[in-house]
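Chain nomenclature is as follows: A, B, C and D, assigned in order of appearance, with residue numbering initiated at 1 for each chain independently.
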Amino acid sequence: MDRRLAALLQEKFGERLLAPVRQRYDESEIRVALKDATDTLRTLHDDPAFRFEMLIDLCGVDTGEEMQVVYHLSSSTSGDWLRVIVPGLDRTAPRIASATFMWPGAEWMEREAYDMFGITFEGNRDLRRIYMPDDYRSYPLRKDFYLADDASRSPAAGVRNMERAGTPADATAATVLRKSPGV
Amino acid sequence: MAWNRLTPAGRILAVLLPVLAIGGALTTVLLATFGGAIAATIGANLPIVRFLVASVVTFLISVPVAFLLIYMEMKIIALMNLRIGPDRIGPAGAVMSVVHGLKVLMKEDYTPPSVDVPVFTLAPVVVYLASFMTLLVIPFAPELTSMGFELGLLYFFAIGGLSVVGLMMAGWSSFNKYSLLGGIRAAAQAISYEIPLTLSVVGIVILTGTLSLPKIVAAQDGSFLDWFIFRQPLAAIIFFIAITAEANRTPFDNAEADQEIVAGFATEYSGMRFGFFFFAEYVNVFIVSALFSAVFLGGSNPPIHIDLNPQILIDLSALGIGLPLIAGIAPVVGTLLFAAPIWFASSRIKGWQALIAGFLIFGGVSTAAVGIWAFVMLPPVASLIWFLIKTFALVFTFVWMRGTLPRARIDQLMGFAWKWLLPASLLNIFATAFAVLIAGR
Amino acid sequence: MPRIPGSGLLSGMRLTLTRFFQPKRTVMYPEVKPDIAPRNRGRLELVTDEHGTLKCETCFQCAQACPIECIDMGGIDTKGRFAVHWGPAEQYAERREESAIRRSGRTVSDAAAATGTTINTAKVDEILEAHDYDPHHMLAILEEIQAAYGYLPVDALKRVSRATGAWYAMVYGTATFYKHLAFEPGVTRSIAVCRCANCLVSGAGSVMGTLSYEFGTEFGRAIPWSNLRLESLPSHLPDAPSPLVVIDGEPQRDLSAKNAASWAAALAGRYAA
Amino acid sequence: MTQQMRPSLDDPRVAIPADSTWYEPAPIPQTERQAEFLTLREGEMFVNMGPQHPSTHGVLRVIIKVNGEKVVDLDPVLGYLHRGVEKLCENADYHQAICYTDPLEYVSSLFCEAAPVAAFEKLMDVDVPRRAQYIRVLTMELNRIASHTLFQGWMALDLGGITPILWAFIERDEIVDMLAALTGQKLLYNYYRIGGVNGDLNHEFMSRLGTWMSRAAAQIDSNLALINENEIFVRRTRGLGVLDAKTALKMGVTGPNLRASGVPFDLRRDRPYLVYPELEFDVPTRDEGDSLARYLVRMDEIKQSIRIIDQVLHEMPDGPVMAKLPRLLRPRPGRAFGAVEGPRGVYGTYAISDGTDQPFRMRIHDPSFVHLQLVGPLTKGNLIADTMAVMASLDPVMGGVDK
C-alpha cells in the first residue's frame, strides 16, 4: 500500500473526509459526505496528482440503517486503487448525483443499483429497471427483502415478505434487519 | 368429414383424390373413343408433349438430386470439421437426407396468423419450380438433353431469375421483419449478380455464335485445351463467382444469413414448405454446377479423346436359348464363387452372412463390369459419366467453400458486383470481340 | 506487403482440405462412454447395505452442506412425530414456518429468536450453565431438560442451539434419535390390547392387526396425527373378557373377533375427527 | 424521471386485441433516453433480436432501430438470465458463496471463483501457500486459453464461418478434460478454496498437460491460419466499431478490449496478485481499437498464456496446497475488493463482512456487463451484420452480464 497516496488524500480534502484514510493490502479507502461526493469524484478524476480515470466498479450497499454508494477507482498514471464510500443515504428515499457526467460507463451500474436498491441517481439519462421486469415493485438486494429459503431469519414465520409493494418507504420498519456494526 | 380440422395439405388431398378418380375414368373413356384422334394431335404438336414429359421427368429426378447433395454437404462439411457426420442411417449415413425429407414431410405445416396466405403458400412452389425447370436445358449428354432449345442459355437465365420472385414473395408475405430483410437482400443480390452472370458468357456466345447449350458443348470438343475455361479464364472466374451468388451459397448466402436475420425469407416457414426452399437451394447448386461444367468445362466431352475402338462385340443373338440360361445361372454361380472364400476365410462368419456378402460383391462386380462395358461401348453413357464427374467436382467445390469461408457483408457484396465484376465482364466482352474481329473464330 | 487478392481464401481452402483427410475427433458416444475423472463430485448416490436397505439415516448433513440446495430429502424421524423435509422453499411451504429453522443448517438467528418463546427458559439456562454451554454434552443437556419440563419444548431446543452454537438441525437430530426423548408432553391416551394366551386364542391378534392397520402405525409407537399410543397390556386384567382391549384405562366390553374390523374403523374415525 | 410503470400483462388496462394477431403493447417510456429510442423517424423500424437468436451469446435481447439495413439505434434488454447471485451469496456462508459465483460465467468460471476467493482471503488475512498460488496461476491461464480459443470460434461463427467453432471446441475440450482430471468437474470446476485449492496436481492432469503443451502452439496457429488472413474476415472486421482509448477509459472498459485500444492496462502487471510479478510475460496491445484488433489481441494473449504456463511448470514449488483454516470462517468486520484479470477484463468482488459466517454484502463486478454497453455506441451507423461482428469482438457472456 501507498503511504504517499494517503498523505495526498489527507491534505487534498482533509476536512471533507468523514474518517481517516484507511489502507489495507493494496486498497485505500476514504469516506465523503453526500454533499461533497460529486466534487470529490471530479477532483479525483481531473487532478493531475490523482488521475483516477477508470471507474472499476460502482455499487450500492444497504447497511440496514442507511444506504451507501461505493466507487472503486483506478489511477491510470500510478497503479493506485481507491475506494470512495458515500454513506448516509436515506433508506426511505435514497438519492445521489449520478457519476455519468465523468464516467459514461457508470450508466448501467447505476441502473443496477437503482434496480436492486432503489437508489435514484440524479442526472442519469436512462435510470430504469435493468434486470427485473418494468412492472416489478420491490428492490431485491435491500436487507428487508428475504429469500424464501432464508425463513429462519424471518421475524414472522410463514409471512411471505418476498415482494414488498411500492416505494422503499413502504418497507415496514418493524422487520428485524441484519445490521452490520462494521459498515 | 371435419373439414376445418384438416391441414391445408389434407384439404388439397381431400379435393384432389375424387377429382383424380373421375379424371382417370374420363381419360380412359376418352382414350377408348378418340384414341386415334388424340394420337394424331400428339403427333401434330410433338414439342409441347415432349416439354410436358420432360418437365415431369426433371421434377422426378430433381428430388433425389437434392437428397444426394444434402447428404454430400452434411458429410463433407462434417469431415472438414474433423467430425464424422451422419453415420447411423444407411451405409455411412447415406440415407440420412432421405430421412430428413420424410421428417420434413411429417412435420406440422403451420401457417402463422396474419401472413398473406395465398402468396405465402405459393412462394415455395415458385422457387422450386424456377429451380427445377432450368434442369430442362442441361445437356447431360449429346443425346440426353431434355429440351435442346436454341436459346437454352437465355432460357436458363430467364427461368433462374424467376426464383428471386419466389424469394421476394416469401419475404414479403411472411409478416416478419427478418423475412422482409431476407427477401430484399435476395432480390438485390440476384439483380446485381444477374448482370455479370449474363455478360460473362457473352464472350463465349461471340466465339460459338449460338445460345444453345448442346452446341456450346459441341464447340468444346477435342482435348481439354479447347474448353472455354482455358480460352476465357476471366469469364470463367466471373461466372463462378456470379453463380455462387445466384445459388445463395457461402460466402454470398446473405439471403438466409442465420447469424444476422434468423433464416431470412424462410423464417416463418415450417414443414414441407420450408423443405421446398431447402431442396430448391440444393437443386440450384446442382444446376449451376452443371451449367458451369457445360459452358466452361466442356460438358460431356472427355478431357482427352482416346479412341480405343473396341473389337469386343458380344453377339447376344448367337447364344440363342443360352441367353436366359446364362442370365439365370450367372448370379447363382457368381454368388457362390464370391461367398466361398469369405466363408472359408473365418470360422466366425456364418453361411448366410457369407452368401449375402457374396451376392453383394457379385452385384457390385457385375454392375461395374456392365458399367465399364457400357462406358466403352455406348458413347452416351461415357459422356454422361464425364459430365457428372465434372458437375460433382464443382458441387464439392461449393460445399468446400461453405465449409471454409465466412460470409461477406451485403454492401461489400453489392460493391464487388458493380465495381469489379461488371467492368471485368465488359472488358472480357470487348477483348473477345476484338480478338474475333482480328483473328476470326 | 502486397498480397495477391484471394490468396488468403485459397490458403484457408487448402487448410480445410488437409483437415478433410485428417483423422476425426468424434467420440461415438453411446458406444464409447467418456471417462469420468476420479475426482468427479457430480454424482450423488444412496448407498445400500447387503440386504438392499438404504444406509441413509436422514441426518440431513449432506443436504446442509450442499450450497445450492440441489439435495432434496424427506423423512420421518424416529418418533414418527415430525415429517422432516429438506428441499427448495418453493416446493415445501412449511420451510417458511418455525420448523424451517430445523433445516436452516445454522444456529438460530437473532431474528428468529426475537419472536420470543412460549415457555420460561430459566431452567434451560441453569442446565446449560451447569454444562458450561458445551455442545458435546448435548445428550445430557437434553435429558435434563426433559426431566425438568417433562418433554422437550421446541423453544428450549432453540435456546440450546443458540446458546451452545450447535446447529439446530444437530440438536434436533440428537433429540429425535433417542427413543426416550419426547417432543410432546407425556402420552395421555392409549389403546392397550392384552396378549395373554387366552386373548390370543380368542382373536387378539386380528384385533391388533386391524388396529395397527386402521391407525397406520405399529404397537408401541405413537400415532403420527395424534398423541395416541398403541400398547400391549403386560398381563390380563381380572374378570375381563377376551379379547381384552383397554382404552385409556377402561376395558371395552362390546368387542369380539367378529366385529373387530368395523369397531376399529369406527374408533379410528372417532379419533381422526 | 417519471415514476410511471409499464402495465403488466395481467393488468386489465392492457387491452389485447381480439383478432388472431397479438401485438405487444408499445412500452411506455420511463426515461428520456428510452423516449428518444422509442420515437421512430421516417423509414425506421424496430427489429427485435433475441432472446432466442443464433448470434446472441446467451439469452440477450437486443432491440435494434434500423433504417433499411443501417442500424440507427440499439437498446439491449438484460435480465433473462438473472439469478440474483449477490443475494444468494449474502445468505450463504463463505465457502458456499464461492460455489454460487462459479456458474456466473460458464466459459471462464475459474476467474469467477478467483475474484471472491481473493476478496475473502484479504478479509481474513489468509496466506495462500506458494504451491497453491502457482496452481492457481496455471489453471487460470489454461482457462484463459480455453476461453480465448472459444472466442475465436464464436467470432468466426458470427461472421458466417461454420468450421472454426468446431476446431475451437476440439482445442477447448482438451483443456477442459485436463481441468476435469484436476478439479473433477468439466465446466464449473469449484476448485479454489479460501486459503488454497481443492486438490493437488495429479498425474493424469500433468500427463494430459504435457501432451497438450507439446503441440498446443502449433495447433492453435494452424487453426488461426484459417481466418486470420481471410480477406472476407479482415474486410468485415477492420475499421469496424473503432473504440479510442479515451472513450474506452471513460466507459470503464477493461481487459483485451481496452488493450486493443492502446491502453496497456493489465492487472497481472499493474496490480500484481498471486505470483504474477515473478513471471515474465508481455501485455499485447494494439492501437486500432477496431474489431480486428480486439480479435488479434486475444490471439496474442493465447501465446503469452502458453509462455506463463511454461514458466509455472518449471518453477512449481513443493509444499501444501491449502492453508490451515477453521471449518466455520468468521472474518472480523471489514471490507475488501478482490480483482483478477480475466479473459474479458477485470473480475471484481467487493465483500463486506459483519463478523458472522456470511458475507454481509457481496458485490460481483463482471466485465461483460460493462462491455455490453458499448454495443450501442459502436454499431450506430453500421449495418445489421456489423452488430454481430462488434458484439462478437467485445465477447460478452450473458451468464456474467445477468449475474
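In this section, a contact is a pair of C-beta atoms (placed from the backbone, for glycine too) under 8 Å apart; a residue touches a chain by one contact, two chains touch by 3 or more.
Predicted model only: the values in this text are computed from it and were never measured.
Contact analysis places A-D first among chain pairs (by count of C-beta pairs in contact).
With respect to subunit C, maximal separation of chain centres occurs for B (centres as means of Cα atoms). Between the CA-based centres of subunit B and subunit D the separation comes to 46 Å, rounded to the whole angstrom. Inter-chain centre distance (subunit A to subunit D, centres taken as mean C-alpha positions): 23 Å. Inter-chain spacing, taken between the CA centroids of subunit B and subunit C, is 70 Å. Subunit A and subunit C have CA centres that are 44 Å apart. Shown for subunit A are the residues that touch two or more other chains, namely 147, 149-150, 153, 178.
Subunit C has residues 9, 12, 15-16, 19, 25, 106 in contact with two or more other chains. Contacts with at least two other chains are made by residues 80-83, 403-405 of subunit B. Residues 9, 12-13, 15-17, 19-20, 22, 24-26, 28 of subunit C are the ones touching subunit B in the complex.
Subunit B meets subunit D in the complex at residues 77, 80-83, 113-114, 177-178, 181, 250-251, 253-254, 257-262, 402-412. Chain contact summary for the complex, subunit C toward subunit D: residues 3, 5-9, 11-12, 15-16, 19, 25, 37-42, 67-68, 106. Looking at the complex, you find that subunit D touches subunit C at residues 92-93, 95-97, 99-100, 163, 167, 170, 180-185, 190, 199, 202, 204, 222, 225-227, 229-232, 234, 357. On the side of subunit D, the complex with subunit A involves touching residues 1, 5-8, 11, 27, 30-34, 78-79, 82, 84, 86-88, 90-91, 122, 249-254, 263, 265, 270-271, 332-337, 339, 346, 348, 350, 352-355, 360-361, 363, 365, 369-370, 372-373, 402-403.
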